[in-house]
Amino acid sequence: MDPEIKIRGYHTDLYGHVNNARYLEFLEEGRWQVLEDSMDLKDFMGRGFLFFVVNINISYLSQAWVNNLVSVRSGLGKIGNKSAVIRQQVLNKTTGKICASADVTFVISDSGGKALKLEGELLEILRQVPDFEDGAAGE
Amino acid sequence: MDPEIKIRGYHTDLYGHVNNARYLEFLEEGRWQVLEDSMDLKDFMGRGFLFFVVNINISYLSQAWVNNLVSVRSGLGKIGNKSAVIRQQVLNKTTGKICASADVTFVISDSGGKALKLEGELLEILRQVPDFEDGAAGE
Amino acid sequence: MDPEIKIRGYHTDLYGHVNNARYLEFLEEGRWQVLEDSMDLKDFMGRGFLFFVVNINISYLSQAWVNNLVSVRSGLGKIGNKSAVIRQQVLNKTTGKICASADVTFVISDSGGKALKLEGELLEILRQVPDFEDGAAGE
Amino acid sequence: MDPEIKIRGYHTDLYGHVNNARYLEFLEEGRWQVLEDSMDLKDFMGRGFLFFVVNINISYLSQAWVNNLVSVRSGLGKIGNKSAVIRQQVLNKTTGKICASADVTFVISDSGGKALKLEGELLEILRQVPDFEDGAAGE
């Protein structure tokens, strides 16, 4: 389920809107949630697999203010040879607008820190994460 | 001057390294510093001009740990019609490696929130910000 | 209702536990929630009343780790002449232990920043916030 | 040396002033600095000693705004049997006022998490941290 966050004073900066760095915390929240919901995360990490974010490309499209309710939608994007993308949207449910959309590129490494090829069982597990569906379309 | 930040416990997450969201605070620190150093920021904002970040594209290249000293290098990138880019690098002075590099795209709006064309006096002021110089080259 | 927060990587520091500064964000979350639930906050703030925290006395009693679920219990403590206390507890629902307990002293000021006497209508409104009930007792 | 922090947008909340949770990050900054400056912190932690904060009592006395420069003064307070206090002040150098003063009570534990008696060599090391001197007096 998409996590929901009510915007409080500490999320905002002097402009009164959510600060750009905070959105990355919202995105992290969303990523853990979608991973938890779709795969056996505990087992996965217990086997020494680690997620490392290597790139975030985030567009700030509209603003979120105190008392707004936002939700974070996350889903699988493109899967490459050694990296994959989780696409994410922060939706402002109060205004009906998308606040931010982001492509988060990550690698999966073994406990030694080496990025692994996304093939075989690893690829299968990753494909359990549902594809990203655009929130703007259906609402 | 490039701001320097000593990494403390509160900057890091359970992996022991600086969390991806924290880097955006380091970048914000660097942007204010380069703007302050190169233009009359107080006068600029007093006239109602506001900077709005519309996109951040950040690559995480290596890690920063507690007690590492990082510095943030910032400079002007491409200037477009209505938006411009500040390029930034977070350098880990302890390891000698670049931790993160980012392109931050912003618009300048008037007090009503309308993005302004980057021309005339506005363009002149913006051009006072020095071009980005790659930190890896000279060190 | 007591807000619940699932602990994620970005909440924790290099010790792997929630950093002491983060607890203050959890407390702020809890305070807004209890105020919202018990009084007409929008009307109150629309009339120019502001809450200002003047003291926080927080004890860290046990730890919260990634994947733990915590909840924040908040209620009215002592009401003084010009200040009042909201008592708060962060409960770790995963371990059953209290992570933190805090007394947050605040004043209510008018739009000019002057702390107001807590009497008459102001006192009545404040008394709508339920008294703090110790979470450890019933669980 | 007392660490100095220039207040930036991301430090502030919708009131335009530094948020109460941020002060705890400033305090953490100050504590590491005073420990680093007065003892061999690396050796100390390498021997498995850990600092755990058990209580923070912070009073918010005046405000800090964007572009203000604050500094954090820290020094030893009372030393008890198993816990000790670091006293701290956040001084707003722009306004000349103290923003916040805090007593931070901590224990020192061994690598197993057991709080140690502050006696013998441990007490000697701790006493290397200079006593707190009130910043308001001399300025």
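Which chain is which? They are A, B, C and D, in the order written, and residues in each are numbered from 1.
Keep this in mind: a residue touches a chain if its C-beta (ideal position, glycine included) is under 8 Å from a C-beta of that chain, and two chains touch if they have at least 3 such contacts.
On a predicted model such as this, the values are computed, not experimentally measured, just so you know.
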From chain A, the most remote chain by mean C-alpha position: D
Of B-C and C-D, pair with higher C-beta contact tally: C-D
Intercentroid distance (Cα basis), chain C paired with chain A, Å: 29
Whole-Å gap between the CA centroids of chain B and chain C: 35
Mean-CA-position distance for chain D and chain C (Å): 23
Multi-partner residues of chain C (each touching 2 or more other chains): 9-10, 15, 21, 25, 28
Chain A-facing residues of chain B, complex: 15, 20-22, 24-25, 28, 50, 52-60
Chain A partner contacts - residues on chain D that touch it in the complex: 9-10, 12-16, 19, 21, 66
Chain C to chain A touching residues, read off their complex: 6, 8-10, 25, 28-29, 32, 42, 67
